[in-house]
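Given below, in the form of structure tokens, are the structures.
What follows is a pair of complexes built around chain A, which joins chain B in one and chain C in the other.
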Partner chain A sequence: MTTALPAVRTRPRRRVRTPLWLLLPAAVVLGTLFVYPMWQLGLLSVLDFRQAQVSGGQPTRFVGLANYTQLLGDAQFWSVLGATVFFAAACVLATLAVGAALAVLLTRISKVPRLLLSLAAMAAWAVPAVSGSTVWMFLFDTDLGLVNQTLGVTGLNWMYDRYTAFALVGAVVVWHSFPFVMITLYAGIEAIPRSVLEAAAIDGASAWRTFWRIMVPVLRPLLAIVVIQSIIWDFKVFTQIYVMTRGGGIAGQNLTLNVWAYQQAFAAGEYGLGAAIGVVMMVILLVVTLLYLRTLRRSGEPL
Partner chain B sequence: MRGTRRLLDALAILLAVGTVFPIYWMVLAAVKPAGEIQSLQQRPWTLAPSWDSFHRVLAVDSFGRYFLNSLLVALVVVVLSGLCAFLGAVALTRFRFRMRTTVLVLFLIAQMVPIEALTIPLFFLVRDLGTQVPGVGLNTLGSLMLVHTAFTLPFAIWMLRGFVAAIPEELDEAAQLDGAGRFTVLWRILFPLVAPGLAATSVFSFITAWNDFLFARTFIISATDRQTLPMALLVFFKPDENDWGAIMAASTLMTVPVLIFFLLVRRRLVAGLGGAVKD
Partner chain C sequence: MRLRLAVAAALALTVTACAPSTSSPTTAPSDGGARTGTLKVWLFDEPNRAPKDAVVKEAVAEFTAAHPDTNVDVAYLAVDTRSARFKGAFNDPASAPDVVEYGNTDLPEYAAAGGLADLGPAVTAWPEGADLSADARASATFQGTLLGVPWYLGVRALYYRTDVFTELGLRPPTSQAELTAAARTIRAQKPELFGIAVGGKYTFGALPFIWDAGGDITSINSAQSRAGLKAYTDLLKPDNCPPQQCADLTGGKTVELFASGKAGMAIIGNFNRAAVDAGAAKGKYAVVPLPGSKPGSIAPAFAGGNNLGIMRNSQRPALAADFLTLLASKKYQTKMYAAMGNLPTLQAARAEVAGQDPFLKPFLSTIDAGTKFVPLDPGWGKIDAQAVLPTMIEKVVTGKATVEAATDEAATAINAALGK
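On to the complex of A and B.
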């Protein structure tokens, strides 16, 4: 990581020539389909832009922050925001707990079980979000689902209640995302010198203590990356919620910001309002990203 | 000590079985005859496997077509994104230009952008593009190829950077001394050496494009023959009675290619990921 840097610093050749021709393809693609839409998103959020304006029936009007004031005054916004934060937090915690526990477990088992567990995790990781969602829906189906039949309950629809629905979607999200945490942390633990862990074992440290006192401090930069990455993923879960709760659940009880923005725009035709929700989401994640960058810099990672 | 290890081994195997169980259940349901699917006593095995569900999905609902659409989109994304990322990664590792760090940070931030939030402006962009350039407007596979190339690019560049940096610069220098041009160095020296890294990067690009549900749902509005797998799958959800056999068969069709792909490049993937994360 750091070894290559000093050597490069002493050789500042080719400093002046910017390799524009190499960066051009990426710049064109990202400029048109990334930067420009971001600007457009901001622009839409300060316009009165509904179905009527899309079809050209009414002129587009600049309304300043009207969309935002409408949003902040809307009780549903706060409810959805709260649900999004709570859902993301629960998913992140569960993913990290499961991923870290299994990463430690991987270091303490024999070869064959280790291979089996990592293959199983890889498989879960690879399953597309849509098909993962459909399988879990089938498993938890009211009449034909294995879970209800095994539990012996009849007529329980997991999607009717707001919290069981969120819990089920969360379970799918964790099932999809713990492998990333597990494999990344396992690679990190494996990179810790054996002697350190052996010394801890000789001193009689328990697995719990070894984890918190040795692995966590050593792996701090890696953990930071995994945590932030998980926050970003889980904050913007779309497919699982959309598919499993049929677009946000009964009366929108399972909406998160992401799905809500989509529904406002494409179902209700409130494109301006949807864009404003998108901007709010973007700002929240930008703050998280900046925190991430600061953590990286603090831990001395070179860019 | 030995006992503890046995116990942990057993626990790990149990967890592994639990983790793959949904996948097993999906494939099992796909080959169960209709009667067993409708049963109020689901069995974790079947004695009469049948291809009925697959037949229904492939023949009646032309899932083969959607499969090919998905595959086409994903492959084009892999090639375009890989190409742009390779050039970009070379620029960012082999040259020390002003703003280099800025560009790098921008790529990092780009990875964090919730692309889902960009659905609304992208919808209008694609709609307007379609009137200018044929083949990339709404209801075209081209629109999906374009947006996924853009979305996979920042991560691909970030990941490839590590692979390019691992190639000694002396190699390019030696080639240049021997009279090789910039283009030759790029394609004859760097490209073959970065190929393993490109393979790992491709998996991520492929999966992103293959799994996409949101943009397929947004851009492909009325052209049913241009749908991709995730959207087509929802057809089997009916308000009154879900056709679980068909849903599971379609899900299996969608999962198996990625699963095989993923397990094949497993080692390389972990190495690449480690590189991207640590770097």
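On to the complex of A and C.
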């Protein structure tokens, strides 16, 4: 007897092509909006491209990796990078903690407080970064600020000490970004089947245990998105630092990579060097994101 | 975010080419461009802008009455962020203004960027142009080309509170030692006041001390420069102006402090008179030249000032020149002096205001005693944008670095920017 070969080889070529066609519009948009600027960014970073070149005073030259060697050889780059990583890490952790705690709180309170909390968070989210930072700056003003007046201290400059200044700016960054985390996680928690949570309650699980053992595993894909968003956002923080520390703080003690890049490269007209900083930042974010996704995969949950 | 935007802006220029090309040098229309339409004008914002705005509005009214079918769109630029705005205007001709006010320190950088139009012919054709002194013309000339019309001069001198000095039995200081002593007395007797308001970000307040000691920006780590820097940073101490409150003060902030009656003295320009008169200090102050370390001497002041220029990309250069020469005329320079205290650059206008206003005397003495300038080099813009000097002062003031270490670090950055 001969075994009948499965006759399922039906038009494989057609099947492969259809999704490609469907992806084409998105690819065109993404290609124009992302690939082309990124390629140009990379190109700029290997050119001697300063103000004089932009406005036509001097010819543009290819300089290879000179911009990168200059950048990596600059001691200030490393100290600013270190400050940025710590600042971003602290902001991400604080944003997630506040956002997650309030998301859980939202599921446990009655309608009116829930509405009020959501509205308050939405308001913080909706405030433009510049306005929000300026308002916080007024509150913490050395001579006329409400905070100093309430505390009854005179002449305390919150921006004088490096860490107080970072902490204050960090608080504003968290204030601006926790609503996104809160709303996303709240939506996720609401989608968890009631029966599962009820079963946990019947088994006598505490709120803490329910959160770690049920909500976190179920929400893992959502958490991944929220974490990556926060990392990218906080690593690139610009407005809050630029506004609140007046462009990097006393003697540049509160510079982060983005503000430093702006000051060193764009205010000073070194576009090639600025592009190199942009590429380095992109690579760092890419590596961090990939590592994070990999760790998640390892721990077993498909995303 | 800003980084992305800036890169995007740089890239927007180059969309048509494969490699990032340079913006093709658009030449001004040879016939002088359209004689109608909207003229875009950028002027500097001021701590108290209303009087300036009133004079400008008057000039605009006169201009539009004489030029049918024209509009003048005046925008006020924040001084702190002017650098980025000007670069944007050089890179994107479509959104660039026609007439601009710019600081004379920015001239070499803008000139090297090729952003400003040659005003030689326009000024020659302007009857009042001959009244500009050779010095004034030279200050707006870069490598042989006249790129601006000096609009006003600005020098700083020492404002002091007459009521406080009388109450404490102090005399206006005539030497640096007397200045320091007076400042400490005021702070000790009236702890709610700063003796002399000085700031870590106040470059043009610190430079006279460095110049007086025989130092300079290009030799910032010389023994003389260090002595001058130490004299200045010694004022940022709890017995005069505590670092907590003063380390991050800008020049503008010290003006505000003096105007609001929170300081006994301050180093303020003649151009800030309107701002001081708008505050609590009005009528309670007098001005003397900033004393040098030698008794009776005057510390060299920074010869600041602003020029009016026309952007090279302007599509209405003839119309722009008409508006520029109107704003720079004796009539409006005199009005601007009355409104803002801006020292006129036209000799006829200066003679007129000097004769009628004793307020000018200390400033004119300061000019006569000799003034100094920042390096006439495109690299100065970079030193300024990278906040090299404020960082140096702040490091010393906060104790993050010694005078020696801070000046060495600044010297490295300055030499790199000047290409030495």
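Rule of thumb we're sticking to: the second predicted complex is superposed on the first by the 242 of 303 C-alpha atoms of A that agree within 3 Å, B and C clash if a C-alpha of one lies under 4 Å from a C-alpha of the other, contacts with A are read in each partner's own complex, and residues count from 1 in each chain.
What we mean here is this: a residue touches a chain if its C-beta (ideal position, glycine included) is under 8 Å from a C-beta of that chain, and two chains touch if they have at least 3 such contacts.
Note that this is a predicted model, so its numbers are computed, not measured.
Enquirer: Is A:Thr142 in contact with chain B, with chain C, with both, or with neither (first, second, both, neither)?
Expert: Touch status of A:Thr142: second partner only.
Enquirer: For A:Leu105, using the defined touch cut-off, is the partner it touches chain B, chain C, both, or neither? Pick first, second, both or neither.
Expert: first
Enquirer: Of chain B and chain C, which one touches more residues of chain A?
Expert: Counting residues of chain A touched by each partner, the higher count goes to B.
Enquirer: Would you check which partner chain A:Phe211 touches, where first means chain B only, second means chain C only, and both and neither mean what they say?
Expert: The answer is neither, since A:Phe211 touches no partner chain.
Enquirer: Taking the superposition on A as described, I'd like to know which of chain B and chain C A:Met159 touches: first, second, both or neither.
Expert: After superposing on A, A:Met159 lies in contact with chain C but is clear of chain B.
Enquirer: Have a look at where A:Ala120 lands relative to chain B and chain C in the superposition and call it first, second, both or neither.
Expert: A:Ala120: touches chain B, not chain C.
Enquirer: Go through the superposed model and pick first if A:Gln53 touches only chain B, second if only chain C, both, or neither.
Expert: The answer is second: A:Gln53 touches chain C but not chain B.
Enquirer: Is A:Gly247 contacted by the first partner chain B, the second partner chain C, both or neither?
Expert: The second partner, chain C, only.
Enquirer: When the two structures are overlaid on chain A, which partner does A:Ala267 contact: first (chain B), second (chain C), both, or neither?
Expert: second
Enquirer: Regarding the shared-chain residue A:Pro25, is it in contact with chain B (first), chain C (second), both, or neither?
Expert: So A:Pro25 only meets chain B here.
Enquirer: Enumerate the residues of chain A that count as touching chain B in its complex and touching chain C in the other.
Expert: The overlap between the chain B and chain C interfaces on chain A comprises residues 37, 40-41, 44, 143, 236, 238-239, 242, 246, 258, 261-262, 266, 271, 274-275, 277-278, 281.
Enquirer: Which residues, counting only chain A, touch chain C once they are in their complex?
Expert: Within the complex, chain A touches chain C at residues 37, 40-41, 43-44, 47, 49, 51-57, 59-60, 142-143, 155-157, 159-160, 236, 238-239, 242, 246-253, 258, 261-264, 266-269, 271, 274-275, 277-278, 281.
Enquirer: Once bound in the complex, which stretches of chain C touch chain A?
Expert: The contact residues of chain C facing chain A are 1-4, 6-8, 10-11, 13-14, 19-25, 83-84, 87, 90-91, 109, 112-115, 200-201, 242-245, 247-248, 250, 262, 378, 381-382, 385-387, 390-391, 394-395, 398, 400.
Enquirer: Help me check something: in the complex, which residues belonging to chain A touch chain B?
Expert: 1, 4, 8, 12-19, 22-23, 25-26, 29-30, 32-34, 36-38, 40-41, 44, 102, 105-106, 108-110, 112-114, 116-117, 119-132, 134-136, 138-139, 141, 143-146, 149, 175, 183-184, 187, 222, 225, 232, 235-236, 238-239, 242-243, 246, 258, 261-262, 265-266, 271, 274-275, 277-279, 281-282, 285-286, 288-289, 292-293, 303
Enquirer: Hey, which residues of chain B end up touching chain A in the complex?
Expert: On the chain B side, the touching residues are 5, 8-13, 15-17, 19-20, 22-23, 25-26, 29, 37-42, 44, 80, 83-85, 87-88, 90-92, 94-99, 101, 103-105, 108-110, 112-114, 116-125, 146-147, 149-151, 153-154, 157, 165, 207, 210-211, 213-214, 218, 229-230, 233-234, 237, 242, 244, 247-248, 250-252, 254-255, 258-259, 261-263, 266, 270, 273-274, 277-279.
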